[in-house]
Every structure is written in C-alpha cells, then in structure tokens.
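The structures considered in this document are given below.
Shared between the two complexes below is subunit A, which has subunit B as its partner in the first and subunit C in the second.
Presenting the complex of A and B:
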C-alpha cells in the first residue's frame, strides 16, 4: 500500500478506494483462483484498472503483475483506461446489425466525436459495442448503463443522450 | 508396468509415463515442439498430437498418460495431416526471415519443418507483431514468437519471478511483461533463462558482438578479454563437442585469434574475489562475536541477476549482500588501473570484454557503480553463445586449434576459481580459504568438496564446527558456521523470506540466479541434452581437481598482486573491488 501511495499514482487515486480494494482482496482471502471476482469488484470501486491498481492487487495477492494484467487484458469487460460516467453499448448482434446497428454506431461516433472503445473528453460517455444483448425483438437496440433503448434510429440519438 | 500398443507394436512402459516417453523408450520418435522435459510439459503447441483409439480427438502425447490396453497411432495419415496443418498455422504469422535470423540452423521450428516434411505454406499472412523490445540484456522480437509459452513457464514456475505472461486474447495474444511494458522497465532480473528455452528467435541476448568487433578493428584500442569459469565447459558444444567437454586451452587460443591484445581469465579474479569476500565475511563474523553491529547472513554478490532481483524485491536485505563486485568487474577495474599502470597503458584507450554465461552481466556492466576514474570497468559483455558466433565469423577452426594459456598477470588460477561456475562452488571456495585461515589446516572434507552443498537440489545447507582454531582467531573456537546454497530465484526467494522473518539460522548464503549456477546461465549454449547440468557440473569439478593448487589464498599471482596493491578489503580495494547497491523496488 505504501508503495502505491508514494508512487506517481494518478491524481484521483483515492487511498480509501485502495483500502476498499484491499478489503475485497481480504474478503476473497487473496486466493489466485478468485482473481476475476477481485478484479470485477476493483473495477467497480475504482472505475477502471490502471497499472498502479493492478500492481497494488498483485502485491496484495502475492502474484505477479503480468499475471494480473494477463487476465485484465484477456477480458473485454475490464478496462485499463478511465471510463466515462455512462457506458453506451450498441448491439451489433445479427438482428440489430441488419436493422441498422452500424448506423447507430456511426451516428454516436459523429455526435460524441470519439471512436469505439473511447471516452468523451468531458468523461461522460464511453462508447462500446456488444455482440448481442439478447433483445433481438427490439432491434436495433442499445443500452446506456442498465437501461435498454429499443428500435433506435439515428434521429433519436440526440434526444436519448440529452437525458444524461 | 503398463502394456500398450503403439503403431501395432506391443510395448510395456512404466506406469505414469506419457505416450511421448513410452514411445521414445521404444524407439518411436513423436515430433514435439513446446515440450521440454522437466520444464515445460503443458501441451500448448499440439504438434505431438497422436491418435488414441477410442478418444474423440487427437491427444497431445506429451501430457497424456498411458493406460493399460491403450492403442496409439503416432504416424497415421490422420495424425500426419493434422500435424502439418498445425505447423502451417504456427508459420502463418511467424516472421519467416530465416536466412537473416540469429537462430538460422539452430531453430527448433525450422528443424520441425524438416522433420514433418513441410513444403507448402497455405495460410500465409504478414506478421502483425512487429514490436521489437530491446533492453541492455534481452531483446524480444515478438514477430517471431510462436506462443509456445516455454518462457512463461521458466519465468513463472522455475524462477518464480513472473515477468512474462500471455497478454490480450486470440490473435492479439502476445507474451510480454504486464501491459506490454518494455522488459527493461520492469523488475526483470535479466537472468535470461527465457532466452535459453525459446525455440525460435523471439527471445535472445541483446547483441554486443558488433561493439566488440569495432574495438578489435580499431588499431588505437587495446582490447582486453576475459572468460568466466562456466564458459570453458560449454563453449565446445557450439563446435560439435558433447555436453561435459572442457575446452579451456582452445578457448584461450580462439579468443587470442580473434585479434584481442590481452587474454585474461576471470578465474584469476574469482580467486581474488575469495580473498575479498572471505575477508569481508571474517570481519562480519568477528564483529558479531564481539557484539558489534554486523549484518548476517552475508550473501554472495557474484550473480548480477540475483543482485537486481534483491534490489527489486527485497531492498531491505541489501545490507546482507557482500559489497564485493563480481569477479569479471574486479578484473575489469584492475585491467584499467593495476595492469595499465604496470604496462604504461592509457586506460582510456582500453576496451575490456567479458565473455560470460550470463545475460544479466550485460546490464551489470552498464551500472554507474561499476565505474572507476570516470571509466566503465567493463565495456562490453558477450555471452558464451556470442563468443561462439564470433569464432565462427572469424573463420577460426576451433576443433583444430592448439591449446594456449591465458596471459599474465591475470591468467593463473586455482581450482577454487573453477567451481565459481556451479551452484555451491563460490561457497566451497570461500570455505576452503576461510577455514584454512582460521584453522591453519585444510577443510575436513574428502577431496575438499563440501559434500552437503554439492549437487542440484534447490536449497542445500551445511554446518561446519570450528574446533582447534589458531590462537589469533580464538574468538571463533566452537562456532558452528552455518551456510546455505541455492540456485535459481525461486530458491533464493525462500531464503530471503526466512531472513525477512528473522528466522534465518545462517551465517553465509550463496545465491546464483540460474538453476544449477552459471553452468546453465542465460547466456550459455542451448542444449537438447537433458543431463546438460550434471555433465557441465562434473567437468567443472574435474577442472578444479586436476589443478595443482586448489585454494584461492595459495594462488601465487594473487599474493604478488596484493604485495603491490595492499591487502584484501583495504581502502584501495574498497574503491576498486567493492560496490554498493540501489533500491529498485519503486
């Protein structure tokens, strides 16, 4: 912990967040087999998993950082970059794709001025795609955080985003 | 015994054997790639796939245990076809610049292609991984990586350091340090064991031969070369000699034939190290016995991979490390001072080359602490493999070279120096001298070998009771000197944790960063002989045993050196032969 506090940690690197992560690790008894759950919880606490946080977790669990980052970079759910306040997930499953999912992505990229996987400069939105969100009957669909928007077309995007 | 049928031939093999082992014992060679006996038995490349009657899919022979009545086909049409496809898929994103690759004709992937009879390459794509990562010690070229994961196993499971792991997923997978960081920026010890196990040209030492050729070709530069003890018992393997052949005389001759000016022996400096390190140890124990502050156990400092590991992971234990520079650094420091003065040479025009079985020494020679009078002690480190390559490049007929000797005044050594190259050797050499100094007689072991610390066990220890000491060392009477020896960083970790917890019973610990010691260091020739450690170890012990003098303090050229220089651990010694360490944990 001392190592993280004294290192060149990012400015918003709250010590209480690291303390919470430490508690999570204790809760999971620092078992390597629980690494995915620990990373999951850590990302919820911290928002994302930068190298500093990965190093902190590795040190606490007595495993190597490359092992932690191996898992973090394997799963697309984990992010090593700061994420926006809200995550937009456009469905690109077959049904949504044929009904214009791609146009939604293009529209959002244009409005937000970012590419897939990126976060807006004001830190509000992160734009991502999903293979299928299981709402094929509502195609084309997208999600913002946990809310599903059905039968979206590019013209509706501005008004949807304005709610956030 | 278990009875099975392989290729319609009934055979029996030990229970617990794999199909690969059982087949090999019966003269059937199943091609394999990632498999490495005792190191990597993982089944990641699938090249050793065989048909097991009744199994749904082809099975990896290297990890499938034989079972009673099993029927196996190792070279059926189905298997051969599958193997070819697997091989072609491995090639598909492998950078195939074989003719200009460091591993040309020494590449396991290339050999496998020949074994499998590959003559087409249907899945050709361009290699996307073009990130070349060059550190002072190790170069990673991921465009050649075939993801076999041997390096991952050796780094994580054998050495217990865990710098290399698979990152990302699927086609994007790359074997690298965390977050694709360059290897020079992470806490890698540079032991280089990954470069020894890499089957292709993806991991290798960073080249220093160009720098050395430039120095040799510059008429104004006086090139001094030296070779470590372990080099002489491995170099021959690059010229067709079997593992366990000593080529000391030919090595000296070949180095001279490269065109260098002075051919010295790091063995000489190993004897010197014993004088310095032995004296330091005596002082520490004397201080402890007198109730003065003294840090024990003292730990050897010859292995730069080990040093970087301590600095990175156990900085609080830095005071336990001996302050002695490693032998080749001592020799370099003296070449540019003691030797230059005696010969009237300008040290600024000298270039010291160390031939080492080690990749970490490439890093060590760049450390700022390894400078005296504004000059680096050693200007370039080449590995045993690089020396072999240079000898070939120079058109030297190694096998037919007459044997030659090293040059004076830093060429003569005792048997104690030879065993510096193997696990337990530095400790044994130190004990031979320290015991003789305190007791006035030789170590009470058969043939001077401290048997409990001989061998390839990960952690070994010994206790030596001092009874009947010389009068001037009466404070040592009855002391039971406890020593421990380990090789490989995972064993070192165990001993360091013990020290950290305050539970270490030892006075003196020897650590070598590579399993087995320098004989199988990260810069040594790659070998397919599974007994290579034992063979190189046996021949290095022989080098010691056949020598006339076998204790460092008996070396007349070391005595002569101290007559002119001062004494072990004197002020001047501290300046040139000792060093300090840096906390690299942050």
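Presenting the complex of A and C:
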C-alpha cells in the first residue's frame, strides 16, 4: 500500500492534483448541482476519492463534507480506496451470467488471490464486476481498463493477465 | 452517399471496436489509396450492425455483401478481390448455422429477414461522426418541418396519433406525456433524454447513441419545440465512453450547422443540449431519481405525484423520454403518424429493439415489429438454440420482468401481452435459456442485482428483497422447505404493493414468474435436493463412471484437494466428502467418464 502511495502520489504532485481539482471546481462555478460532474473529473485527476480529497472539494464548494461523501458513497462509480494500476471489470450482466461470467470471477479470484473490490498486493490489478458492458453478443466478456475481451473462458485468463 | 461508386461500411460499435475494427478501417483506407481508388470507394466507420457476435463486420454496398469476423490483415484481400476484381471473398462470408451454406448478402440472412429497422434505421449505415451523412438521410428535415410548417400543438397531435409508447420500460404514451408537459406553464421547461440504460443485458440505447446520435438530438429539439422548452439534457452512463464521445461530437457539429443554438432555421426557436453523467446506480434510470442525480444529489426516487411533467429538474416542468423513444420521433414526423400507426398491434405501435442474448445461435441487437412472436425471434432471427440443445425459457424485461416458457412461444409480443403472461417489455433485454440454466438460480441472480441496487430509501424494497434473496439462497443450497415457497410468494406480493418506486414494485417479478412457470424445479430443489441443470453447486455430486474410466489418472493429478483415488489403469473414485466441486476433473477427463449428478 505504502508503495503505491509513494510512487503515485508524492506530496508535491498531490498538491498539483488538488490544484487541478480546484480548477475544475471553478470551471463548474462551484455550483452544488454540478457536484457529480466535479467528482467525475476529480476521480480522473486523483485516481480515487479519499476523505481528504472529499474534504477539499467540500470546502472549495462551500458545502458540508457529509453532502459530498453522501453522494460519493451512493454511486458505485466513485471509489474511496486507491485502485490498482489496471482495473479488471468482469461482466455479470444477464447475457454474460448465463454464459459463465461467474466462472471468470471465480477464476480471477483464484489467480489473483483477492476478492471482488480488492486490489492485489503489488498494486497491479483491482478486480470488480460490471452489469453489462455492452458487449453481450460476445458473452462472457470482461474489460481490462478500456480493452474489451470477448468470449473469455477460464483457461484463457492466465494468458490475458500475462499481457499486463 | 452520392458520389462514390462503392462503400465499405465497417462496424465501429463497442463490440467490433474491441476486435480492432479501427485498424481494419485504416488498412482498407490505405489499401484503396495504394490502388488510387480513394475517390471512388469510400470507407465509413458506422454504428453497430446488431450482429456483434460475428464481428467485426464489414459490409460492402451497393451489393450488401456481409463479411464477418474480419481481421485487419483481411483488408488487402477485400480490396484486391472484391473492390478491384468484383469477386467476393468467400471465406469471409457468413455461414448459415442450419444448412452450413455461405450467404452472399445480408438480405438473405435469417437474422435480418424479419427485422424492421426504424429506430436503428441509420445504425450500421452512416458515419455517426459526420453530420452531413445524417442530413443526406433526411436528417434534420423533421425538425425543419416542425419549425417551418407545424404549430407546437400539431407536433404533439402527430405524436399522439402515431400511438408511440415509451421504450424505456413503462410504455406510457409519448404524445400524451408531451401534451401534459406542454400544458404546464412555466418560465423555463426542460427536455431530458434518459440514457442511463441500467438493465443488465441490454445495450440498445448505447448502440443508437453510438451509431446515430443526431436522431436523438433532432428529436429532443422537436420535443423542446412541442412543449415549449429551450433546454435539453442527456443523462448518460459514465460507463459508455464511446457513446459520450460520439454524442459530444454530434452536438458540436449540430451547433456549427445552426441546428442547435439560437433562432434555429430562422424560426425564432432556441434550443441547446448539455450532458450529465451517471455514476453507476441502476435506480437513477427511474425518472425522479434521475432528476435528483442531475441536480447533483444522491439518486433516490421520490413519490409521484408530482410527476416530472409538473415539477421536475430545478422544480420546473420536465419531459423525460428514453433514447429509443426519441430515435422514433424524426421518422414519424417525416413519414406521418398514419404510416407508423400501421405497424404493430392494436395498442402497441411500431417496432421494438431487443438485445437478444443467451444460449442462442445469433446473438445481437434486433429490431422487430410489435406483434412478432417469440418463436419467430428465437428460431428465425436467432437461428435457434445453441449446440442443438432444447429451449427452456426466455427472460424479458430484465430485473423487472419474468421468465416465459415454450407455452408462450406463439404469443404476439407487445406491452400488454407480456404483462398478461407475467413479464414485461422492459427496456428490451431478451435472454434465451436452455436446459443448462437453473430457474431458481436465475431468480436468485436477479434478486442479487436488486439487493445491490436498491437505494435503501424504503423498507419493503431494502429489507424485503434481501429476505427474498436469502430464501432463494437457502433453496439453492438444498435447505429449503415447502413453506419457503409460500413465503416467497407472499413476501413478493407485499413488496410489489408497498415499495415506493418502480424498482421495488417490480423486483419480485422474476421470483413470481419462475415459481409460476417452473414450480416443479423449485420442488425438486426442496424435496429431492436436485438441480436438474447442474447449476446449484451444493446439490451436485461428481461421479466417475467405472465402466468408462480407463484409469489414466489425469483427474486425480489435477484435483486440488486430492479427492480422487484409484490405481493406474483402474477405475477411479471421487470422495464426496472431500470434493469441493471445482469441476477441474471433468475438464481433464478425455474419456467423458466423470459426470455431475
């Protein structure tokens, strides 16, 4: 954990990132109705939304921290924990479920040694599920970052992961 | 599409994009240049053709040649053979799964024969990133007609007459909705496009936005004119990056062409559109939750009335419609309500787009006239069940819908008929299942989804669905009792009657419909401790057939818990106590000696 933090967010660039977030807030005129857009942008800048970032946003927007964290926790897209270098999203939409999506989740859990929502020790992968990534015709599907893998079977997992 | 002799259409939808369709397009362009043909043959990256499973797709126009599973390195052959010499590249043609014959063009493919493409009319046909292509297909002429020749109330009347109903799930008459919004007076009104598409297993809205974004923009402007709104918002899932990109490009182009902004077509009507991003909460597809989310808050539903048409975004009258609903509007205005009215059934007009998925040969996005039967969809368009297995059930309506059986294969599909048989249209997910699906597990799958997505605001949904899930879990583990079955049914009814929003009110449907249609399977789980589909792990046993087993030891060597015993060349035995049901042995046995019972 410490390793990721020190490599990704040294205190200098941390400030730089907060400055960028401040710019985004200005761009959205600090309007509470733009909170979700601001959080999207902030997560892109900072990678995730830990409490101190939430506090920073709340202060900058002149709203309470509970308002910000209430929104952050409501939406699954926002993450309060640091994420791995790559996010693996296994589709568990209906189409993928009936064609064996669950086996992929089980396979990945075994290979990576983590549960859903967790990040590997080396900070490389975060494992999550999605509900339909729009590739139902290619079920079961999974996505690593922005790349979609189609018709995956558990035997293919090792070789897919080895590319990262 | 005028000045070119030939067009090469490459699918740029999400599915095909994942299989390098961008590279294919680039290789085709380069290849044409090498031959000096770039002014005669045009390469167009389109939206989804619907036939994603066999992607990437390349279609050659005008002869409709349909190449499937094309690779970037196939580009050269397509150009040298097809474009230059006029000979089809037969090895890339689609092969009919039934008679194993190659099909020369898309007009003769079972998948397309029974389809009628209205909402998807431009998907897979035009370049979604080029407004001029949309315009050359009569794009924005409906908006011009409305602004130039029709009064707002005439527009509303036309939509009412067409009989169009909302495609987002509820099926509310669109014209009536517009009439109500038009009748509520305020200094500001809003038009909202619901592109949250939360049904896990449906992707029609995404395909429309990726393949034909201008049709939605044009429709929203028409909607604005009809109800007196100058502002439009699209609420779109952040998980749809490609759709967002295409929509943003389209908005920019529409502004440049003066089709959005001030004084459109010199009519004095102003209209513009902004995007709002969803953040992964299914309940935000519900319109009141969606409005709260657009206002920057937690997306919790609120009681209706007030309806959005009375008090919506920023407390102003707001008209919310679904993406597919909007995609129908321009063509209705252009061709007239009467034309649209002739398609479909008495109370459900037009077509519906379905995401056909599951254990079926042709998986993909289809658009069919209302009134078509499930049999036609599954066996003619879908090409039948995969690997020659037996049809068991089809699920429509996603987490709000139900499972239908072979008894319903000949029911004409429309809003009312689906409700009458215990399911619903929903947004258009259609998942076909064969005997390898367990119906109790399917019900549990949907309940798991509901439990995860319940916003927690009201207790019938928050607690009730959790209880339903627990009971189902108990049954799939082999610990259920017959009393549990009654409890499931009773609790389901209570949740339906008392939940605050549509999510809770419909969430027990998958349970009720599977109990109704697959009662025996529930009883088997409870009394015989058996799962006939072999899905519920706790009820399964791995067994070696001593006759078929040759004693190769492959299974024993691969069992992670050493549950398999036996001498070389002698039949092996699996210890049921030790076995953790991982399935590794079955995969390793080359002699088919291991089975699940």
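Here is the rule we go by: the second predicted complex is superposed on the first by the 151 of 164 C-alpha atoms of A that agree within 3 Å, B and C clash if a C-alpha of one lies under 4 Å from a C-alpha of the other, contacts with A are read in each partner's own complex, and residues count from 1 in each chain.
By definition in this document, a residue touches a chain if its C-beta (ideal position, glycine included) is under 8 Å from a C-beta of that chain, and two chains touch if they have at least 3 such contacts.
For clarity, every value in this text was computed on a predicted model and none was experimentally measured.
Student: With both complexes superposed on chain A, which partner does A:74 reach: first (subunit B), second (subunit C), both or neither?
Tutor: both
Student: Once chain A of both complexes is superposed, is A:134 in touch with subunit B (first), subunit C (second), both, or neither?
Tutor: second
Student: Does the superposition put A:54 against subunit B (first), subunit C (second), both, or neither?
Tutor: It touches subunit B, and subunit C stays clear.
Student: Is A:32 in contact with subunit B, with subunit C, with both, or with neither (first, second, both, neither)?
Tutor: In the superposition, A:32 contacts subunit C only.
Student: Have a look at where A:146 lands relative to subunit B and subunit C in the superposition and call it first, second, both or neither.
Tutor: Touch status of A:146: second partner only.
Student: Using the superposition on chain A described above, determine whether A:65 touches subunit B (first), subunit C (second), both, or neither.
Tutor: The answer is first: A:65 touches subunit B but not subunit C.
Student: Would you mind listing the overlap between the subunit B footprint and the subunit C footprint on subunit A?
Tutor: Overlap of subunit B and subunit C footprints on subunit A: residues 70, 74-75.
Student: Could you please specify the touching residues of subunit A with respect to subunit C in the complex?
Tutor: Result: residues 31-37, 39-40, 70-71, 74-78, 92-95, 97-99, 130-139, 146-150 of subunit A touch subunit C.
Student: Considering only the defined contacts, which subunit A positions touch subunit B in the complex?
Tutor: My answer: residues 3, 6-7, 51, 54-55, 63-70, 73-75, 80.
Student: Residues of subunit B touching subunit A in their complex?
Tutor: Within the complex, subunit B touches subunit A at residues 156, 161-169, 176-179, 181, 186, 585-586.
Student: Touching residues of subunit C toward subunit A in the complex: what are they?
Tutor: So the residues of subunit C touching subunit A come out as 14-15, 17-19, 51-53, 55, 198-203, 206-207, 238-241, 276-282, 293-299, 355, 357-359, 363-365, 395, 398, 429, 431, 433, 437, 442, 445, 449, 455.
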